[in-house]
Amino acid sequence: MSEPWEEEGPGEIRKFMYVNRKAPYGTIYALESLEVVLIAAAFEQDVSMVFMDDGVFQIKKGQDTGQIGMKNFSPTYRALEGYDVEKLYVEAESLSERGLSEDDLLVPVEVMSRDAIARLMDEQDVILSF
Amino acid sequence: MLHTVNKSPFERNTLNACLGHALPDSAVLLIEDGVLAAVQGTAHETEMRKALEQHSVSVLGPDLSARGLSPEQVIPGINVVDYAGFVELTENHDKVQAWL
Amino acid sequence: MPIEVNGKTYETDEEGYLANLSDWSEEVASAMAEVDGTSLDENHWEVINFLREYYEEYQIAPAVRVLTKAIGKKLGPDKGNSKYLYELFPYGPAKQACKYAGLPKPTGCV
(Lines give C-alpha, C1' and ligand atoms only; values in the text may rest on other atoms or scores of the structure.)
Protein backbone atom coordinates (compact mmCIF):
# COMPACT_ATOMS: atom_id res chain seq x y z
CA MET A 1 0.00 0.00 0.00
CA SER A 2 1.58 3.30 -1.02
CA GLU A 3 1.30 6.56 0.86
CA PRO A 4 0.13 9.64 -1.03
CA TRP A 5 3.62 11.15 -0.99
CA GLU A 6 5.21 8.13 -2.63
CA GLU A 7 5.44 8.60 -6.38
CA GLU A 8 5.03 5.93 -8.98
CA GLY A 9 7.51 5.58 -11.81
CA PRO A 10 6.70 7.11 -15.17
CA GLY A 11 6.61 3.83 -17.11
CA GLU A 12 7.29 4.03 -20.83
CA ILE A 13 8.27 7.56 -21.89
CA ARG A 14 6.85 8.79 -25.19
CA LYS A 15 7.52 11.95 -27.16
CA PHE A 16 4.59 14.37 -27.07
CA MET A 17 4.59 17.55 -29.15
CA TYR A 18 2.09 20.36 -28.73
CA VAL A 19 1.84 22.52 -31.86
CA ASN A 20 0.56 26.05 -31.20
CA ARG A 21 -0.54 27.99 -34.28
CA LYS A 22 -3.10 30.57 -33.06
CA ALA A 23 -2.73 34.05 -31.59
CA PRO A 24 -3.98 34.36 -27.99
CA TYR A 25 -7.35 35.94 -26.99
CA GLY A 26 -9.02 35.91 -30.45
CA THR A 27 -9.80 32.22 -29.98
CA ILE A 28 -9.59 29.83 -27.02
CA TYR A 29 -6.98 27.49 -28.56
CA ALA A 30 -3.88 29.04 -26.95
CA LEU A 31 -5.25 28.86 -23.40
CA GLU A 32 -6.66 25.34 -23.94
CA SER A 33 -3.30 24.09 -25.17
CA LEU A 34 -1.48 25.62 -22.22
CA GLU A 35 -3.90 23.99 -19.76
CA VAL A 36 -3.57 20.60 -21.43
CA VAL A 37 0.24 20.87 -21.30
CA LEU A 38 0.16 21.76 -17.58
CA ILE A 39 -2.17 18.89 -16.75
CA ALA A 40 -0.35 16.35 -18.92
CA ALA A 41 3.00 17.36 -17.38
CA ALA A 42 2.04 15.14 -14.42
CA PHE A 43 2.48 12.09 -16.66
CA GLU A 44 6.22 12.75 -16.99
CA GLN A 45 6.48 12.24 -20.72
CA ASP A 46 8.99 13.80 -23.10
CA VAL A 47 7.07 16.99 -23.86
CA SER A 48 7.88 19.74 -26.33
CA MET A 49 5.94 22.78 -27.48
CA VAL A 50 6.22 24.37 -30.89
CA PHE A 51 5.11 27.94 -31.54
CA MET A 52 4.59 28.60 -35.22
CA ASP A 53 2.40 30.74 -37.50
CA ASP A 54 0.32 33.13 -35.31
CA GLY A 55 1.15 30.90 -32.31
CA VAL A 56 4.35 32.94 -31.86
CA PHE A 57 2.17 35.78 -30.50
CA GLN A 58 1.30 33.59 -27.48
CA ILE A 59 4.78 34.23 -26.08
CA LYS A 60 5.12 37.85 -27.26
CA LYS A 61 6.45 40.15 -24.53
CA GLY A 62 4.38 43.01 -23.14
CA GLN A 63 0.84 41.59 -23.37
CA ASP A 64 -1.67 43.80 -21.56
CA THR A 65 -5.26 42.59 -21.54
CA GLY A 66 -6.54 45.20 -19.08
CA GLN A 67 -8.85 46.80 -21.61
CA ILE A 68 -10.31 43.70 -23.27
CA GLY A 69 -11.56 42.13 -20.03
CA MET A 70 -9.69 38.84 -20.41
CA LYS A 71 -7.04 37.25 -18.20
CA ASN A 72 -3.46 37.76 -19.38
CA PHE A 73 -2.14 34.20 -19.24
CA SER A 74 1.24 34.97 -20.80
CA PRO A 75 3.08 34.86 -17.40
CA THR A 76 2.09 31.19 -17.15
CA TYR A 77 4.45 30.25 -20.00
CA ARG A 78 7.27 31.15 -17.62
CA ALA A 79 5.99 28.53 -15.16
CA LEU A 80 6.47 25.71 -17.71
CA GLU A 81 10.09 25.21 -16.68
CA GLY A 82 8.93 24.30 -13.15
CA TYR A 83 6.63 21.71 -14.74
CA ASP A 84 9.70 20.24 -16.50
CA VAL A 85 8.43 21.42 -19.87
CA GLU A 86 11.68 22.86 -21.13
CA LYS A 87 11.66 22.15 -24.85
CA LEU A 88 10.12 25.23 -26.43
CA TYR A 89 10.69 25.62 -30.15
CA VAL A 90 9.82 28.62 -32.32
CA GLU A 91 9.77 28.59 -36.10
CA ALA A 92 12.10 31.23 -37.53
CA GLU A 93 10.01 31.85 -40.66
CA SER A 94 6.88 32.51 -38.58
CA LEU A 95 8.75 35.16 -36.57
CA SER A 96 10.15 37.00 -39.59
CA GLU A 97 6.86 36.95 -41.52
CA ARG A 98 5.39 38.84 -38.54
CA GLY A 99 8.24 41.31 -38.10
CA LEU A 100 9.24 39.64 -34.81
CA SER A 101 12.56 38.40 -33.45
CA GLU A 102 13.70 36.17 -30.58
CA ASP A 103 14.11 39.31 -28.40
CA ASP A 104 10.35 39.86 -28.57
CA LEU A 105 9.65 36.60 -26.72
CA LEU A 106 9.04 36.28 -22.96
CA VAL A 107 10.56 32.83 -22.40
CA PRO A 108 13.86 31.28 -23.51
CA VAL A 109 13.24 29.26 -26.68
CA GLU A 110 15.12 27.52 -29.42
CA VAL A 111 14.46 29.17 -32.78
CA MET A 112 14.48 26.62 -35.59
CA SER A 113 13.94 26.63 -39.33
CA ARG A 114 10.74 25.25 -40.86
CA ASP A 115 12.75 22.28 -42.17
CA ALA A 116 14.11 21.49 -38.71
CA ILE A 117 10.62 21.73 -37.18
CA ALA A 118 9.34 19.35 -39.85
CA ARG A 119 12.02 16.81 -38.98
CA LEU A 120 11.31 17.23 -35.27
CA MET A 121 7.62 16.52 -35.88
CA ASP A 122 8.59 13.32 -37.67
CA GLU A 123 10.40 12.07 -34.54
CA GLN A 124 7.35 12.35 -32.26
CA ASP A 125 5.09 9.59 -30.95
CA VAL A 126 2.10 11.90 -30.46
CA ILE A 127 1.38 15.35 -31.93
CA LEU A 128 -1.42 17.53 -30.60
CA SER A 129 -2.25 20.55 -32.71
CA PHE A 130 -3.96 23.68 -31.41
CA MET B 1 -19.89 51.61 -45.07
CA LEU B 2 -17.61 50.42 -42.26
CA HIS B 3 -15.98 47.02 -42.66
CA THR B 4 -14.66 45.21 -39.59
CA VAL B 5 -12.15 42.36 -39.85
CA ASN B 6 -11.50 40.13 -36.82
CA LYS B 7 -9.33 37.37 -38.31
CA SER B 8 -5.54 37.24 -38.64
CA PRO B 9 -4.42 37.76 -42.27
CA PHE B 10 -1.86 35.01 -41.68
CA GLU B 11 -4.57 32.48 -40.94
CA ARG B 12 -7.61 33.38 -43.09
CA ASN B 13 -8.29 35.31 -46.28
CA THR B 14 -10.91 37.46 -44.52
CA LEU B 15 -8.93 40.70 -44.87
CA ASN B 16 -8.32 39.94 -48.52
CA ALA B 17 -12.00 39.25 -49.14
CA CYS B 18 -12.92 42.47 -47.34
CA LEU B 19 -10.45 44.62 -49.28
CA GLY B 20 -11.64 43.05 -52.52
CA HIS B 21 -15.19 44.18 -51.81
CA ALA B 22 -14.66 47.48 -50.03
CA LEU B 23 -15.56 50.48 -52.22
CA PRO B 24 -13.18 53.47 -52.21
CA ASP B 25 -15.19 55.61 -49.78
CA SER B 26 -15.63 52.87 -47.18
CA ALA B 27 -13.61 52.49 -44.00
CA VAL B 28 -11.91 49.43 -42.54
CA LEU B 29 -11.51 48.67 -38.84
CA LEU B 30 -9.21 45.86 -37.66
CA ILE B 31 -10.23 44.18 -34.39
CA GLU B 32 -9.35 41.05 -32.35
CA ASP B 33 -6.84 38.88 -34.30
CA GLY B 34 -7.38 41.21 -37.27
CA VAL B 35 -5.06 43.75 -35.61
CA LEU B 36 -2.07 41.63 -36.64
CA ALA B 37 -2.44 43.12 -40.16
CA ALA B 38 -1.78 46.65 -38.87
CA VAL B 39 1.80 46.08 -37.74
CA GLN B 40 4.89 47.30 -39.60
CA GLY B 41 7.42 44.82 -40.94
CA THR B 42 5.07 41.91 -41.54
CA ALA B 43 4.48 39.98 -44.75
CA HIS B 44 1.16 41.88 -45.12
CA GLU B 45 2.53 45.42 -44.90
CA THR B 46 2.54 46.06 -48.68
CA GLU B 47 -1.07 44.94 -48.95
CA MET B 48 -2.07 47.24 -46.08
CA ARG B 49 -0.21 50.23 -47.52
CA LYS B 50 -2.10 49.67 -50.78
CA ALA B 51 -5.39 49.54 -48.88
CA LEU B 52 -4.52 52.85 -47.19
CA GLU B 53 -4.42 54.58 -50.61
CA GLN B 54 -8.14 53.92 -50.99
CA HIS B 55 -9.59 53.54 -47.52
CA SER B 56 -9.45 55.03 -44.11
CA VAL B 57 -8.08 52.20 -41.97
CA SER B 58 -8.30 51.98 -38.16
CA VAL B 59 -7.15 49.43 -35.60
CA LEU B 60 -8.50 48.78 -32.11
CA GLY B 61 -5.82 49.71 -29.53
CA PRO B 62 -6.98 47.42 -26.68
CA ASP B 63 -6.64 44.39 -29.01
CA LEU B 64 -3.14 45.51 -29.97
CA SER B 65 -2.06 45.85 -26.31
CA ALA B 66 -3.48 42.44 -25.40
CA ARG B 67 -1.20 40.88 -28.02
CA GLY B 68 1.89 42.76 -26.83
CA LEU B 69 1.81 45.26 -29.71
CA SER B 70 2.06 49.02 -29.30
CA PRO B 71 0.64 51.93 -31.36
CA GLU B 72 4.22 52.87 -32.37
CA GLN B 73 4.51 49.58 -34.26
CA VAL B 74 1.46 50.31 -36.41
CA ILE B 75 1.90 51.22 -40.11
CA PRO B 76 1.81 55.04 -40.43
CA GLY B 77 -1.58 56.18 -41.72
CA ILE B 78 -3.58 53.60 -39.76
CA ASN B 79 -5.52 55.24 -36.90
CA VAL B 80 -5.34 53.56 -33.51
CA VAL B 81 -8.74 53.90 -31.81
CA ASP B 82 -10.13 52.95 -28.40
CA TYR B 83 -13.64 51.59 -27.74
CA ALA B 84 -15.13 55.10 -27.91
CA GLY B 85 -13.47 55.49 -31.32
CA PHE B 86 -15.00 52.16 -32.38
CA VAL B 87 -18.44 53.46 -31.46
CA GLU B 88 -17.79 56.73 -33.25
CA LEU B 89 -16.80 54.88 -36.42
CA THR B 90 -20.02 52.87 -36.40
CA GLU B 91 -22.02 56.08 -35.87
CA ASN B 92 -20.29 57.81 -38.77
CA HIS B 93 -21.18 55.12 -41.26
CA ASP B 94 -24.64 54.14 -42.46
CA LYS B 95 -23.93 50.45 -41.97
CA VAL B 96 -21.36 47.99 -40.74
CA GLN B 97 -20.26 44.84 -42.46
CA ALA B 98 -18.55 42.45 -40.06
CA TRP B 99 -16.27 40.13 -42.01
CA LEU B 100 -15.85 36.93 -39.99
CA MET C 1 -21.16 27.76 0.50
CA PRO C 2 -20.38 31.38 1.40
CA ILE C 3 -18.03 32.04 4.31
CA GLU C 4 -18.63 34.64 7.00
CA VAL C 5 -15.78 36.64 8.56
CA ASN C 6 -16.29 39.56 10.95
CA GLY C 7 -19.86 40.00 9.77
CA LYS C 8 -18.89 40.08 6.08
CA THR C 9 -19.94 37.32 3.70
CA TYR C 10 -17.61 36.04 0.97
CA GLU C 11 -18.74 34.01 -2.05
CA THR C 12 -17.09 30.60 -2.54
CA ASP C 13 -17.57 27.69 -4.92
CA GLU C 14 -19.05 24.35 -3.84
CA GLU C 15 -15.64 23.15 -2.59
CA GLY C 16 -15.01 26.26 -0.51
CA TYR C 17 -12.58 28.09 -2.82
CA LEU C 18 -13.00 31.88 -2.81
CA ALA C 19 -14.93 33.12 -5.83
CA ASN C 20 -12.95 36.39 -5.96
CA LEU C 21 -9.21 36.41 -5.42
CA SER C 22 -9.41 39.98 -4.19
CA ASP C 23 -11.60 38.93 -1.23
CA TRP C 24 -8.63 37.23 0.43
CA SER C 25 -7.19 38.37 3.75
CA GLU C 26 -5.40 36.57 6.57
CA GLU C 27 -8.67 36.61 8.53
CA VAL C 28 -10.50 34.90 5.66
CA ALA C 29 -7.74 32.26 5.45
CA SER C 30 -7.96 31.57 9.19
CA ALA C 31 -11.74 31.31 9.01
CA MET C 32 -11.53 28.81 6.15
CA ALA C 33 -9.05 26.71 8.12
CA GLU C 34 -11.30 26.83 11.16
CA VAL C 35 -14.15 25.34 9.13
CA ASP C 36 -11.81 22.38 8.39
CA GLY C 37 -10.82 22.14 12.08
CA THR C 38 -7.31 23.48 11.43
CA SER C 39 -5.55 26.32 13.19
CA LEU C 40 -2.85 27.99 11.09
CA ASP C 41 0.67 28.28 12.51
CA GLU C 42 3.75 29.91 11.01
CA ASN C 43 4.58 26.81 8.96
CA HIS C 44 1.16 26.95 7.31
CA TRP C 45 1.57 30.66 6.61
CA GLU C 46 4.95 30.09 5.02
CA VAL C 47 3.36 27.81 2.43
CA ILE C 48 0.27 30.00 1.99
CA ASN C 49 2.41 33.08 1.37
CA PHE C 50 4.62 31.12 -0.99
CA LEU C 51 1.54 30.11 -3.00
CA ARG C 52 0.29 33.68 -3.20
CA GLU C 53 3.67 34.83 -4.52
CA TYR C 54 3.72 31.97 -7.03
CA TYR C 55 0.27 32.93 -8.29
CA GLU C 56 1.23 36.58 -8.52
CA GLU C 57 4.18 35.68 -10.72
CA TYR C 58 2.72 32.91 -12.92
CA GLN C 59 -1.06 33.42 -12.74
CA ILE C 60 -1.73 29.77 -11.87
CA ALA C 61 -1.87 27.63 -8.75
CA PRO C 62 0.94 25.07 -9.03
CA ALA C 63 0.40 21.32 -9.16
CA VAL C 64 1.51 19.56 -5.97
CA ARG C 65 4.66 18.14 -7.57
CA VAL C 66 5.67 21.60 -8.77
CA LEU C 67 4.85 23.17 -5.41
CA THR C 68 6.97 20.62 -3.54
CA LYS C 69 9.96 21.20 -5.81
CA ALA C 70 9.63 25.00 -5.63
CA ILE C 71 9.29 24.98 -1.83
CA GLY C 72 12.43 22.83 -1.61
CA LYS C 73 14.31 25.33 -3.73
CA LYS C 74 13.24 28.24 -1.57
CA LEU C 75 12.93 26.82 1.95
CA GLY C 76 15.24 23.82 1.82
CA PRO C 77 14.80 20.02 1.58
CA ASP C 78 13.35 19.72 5.12
CA LYS C 79 10.23 21.50 3.85
CA GLY C 80 10.42 20.68 0.16
CA ASN C 81 9.11 17.15 0.52
CA SER C 82 5.65 15.65 0.25
CA LYS C 83 5.64 14.18 3.75
CA TYR C 84 6.17 17.56 5.41
CA LEU C 85 3.57 19.26 3.24
CA TYR C 86 0.98 16.49 3.72
CA GLU C 87 1.44 16.72 7.48
CA LEU C 88 0.75 20.45 7.34
CA PHE C 89 -2.15 20.09 4.89
CA PRO C 90 -3.59 16.58 5.26
CA TYR C 91 -6.29 17.19 2.62
CA GLY C 92 -3.51 17.55 0.02
CA PRO C 93 -0.96 20.38 0.10
CA ALA C 94 -1.87 21.93 -3.22
CA LYS C 95 -5.63 21.69 -2.78
CA GLN C 96 -5.95 22.70 0.85
CA ALA C 97 -3.18 25.31 0.94
CA CYS C 98 -4.45 26.89 -2.29
CA LYS C 99 -7.87 27.18 -0.74
CA TYR C 100 -6.53 29.03 2.30
CA ALA C 101 -4.37 31.18 0.00
CA GLY C 102 -7.51 32.28 -1.84
CA LEU C 103 -6.37 30.77 -5.13
CA PRO C 104 -8.39 28.70 -7.58
CA LYS C 105 -8.03 24.93 -7.44
CA PRO C 106 -4.69 23.95 -9.02
CA THR C 107 -4.74 23.09 -12.70
CA GLY C 108 -4.38 19.36 -13.12
CA CYS C 109 -4.60 18.72 -9.42
CA VAL C 110 -5.62 15.21 -8.38
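Side notes on the structure shown:
A, B and C label the chains in the order they appear, each numbered from 1.
Please note the rule applied: a contact is a pair of C-beta atoms (placed from the backbone, for glycine too) under 8 Å apart; a residue touches a chain by one contact, two chains touch by 3 or more.
Worth saying up front: this structure is predicted, and the values here are computed from it rather than measured.
Across every pairing of chains, the maximum count of C-beta contacts belongs to A-B.
Taking each chain's centre as the mean of its CA atoms, B is the chain most distant from subunit C.
Relative to the whole-protein C-alpha centroid, the nearest chain centroid is that of A. Inter-chain spacing, taken between the CA centroids of subunit B and subunit C, is 45 Å.
Rounded to whole angstrom units, the spacing between the C-alpha centres of subunit A and subunit B is 29.
Multi-chain contact residues of subunit A (touching two or more other chains) are listed as 72. Residue numbers of subunit B whose C-beta contacts span two or more other chains: none are found.
The residues of subunit B lying in touch with subunit A in their complex are 6-8, 10-11, 32-33, 36, 39-43, 45, 61-63, 65-70, 73, 82-83. Of all the residues in subunit C, the ones that touch subunit A in their complex are 57-60, 62-63, 65-66, 69-70, 81-83, 85-86, 92, 107-108, 110.
Within the complex formed with subunit B, the subunit A residues making contact are 21-27, 53-54, 57, 60-68, 70, 72, 74, 97-99, 104. The residues of subunit A lying in touch with subunit C in their complex are 4-7, 35, 38-42, 71-73, 75-76, 78-79, 82-83.
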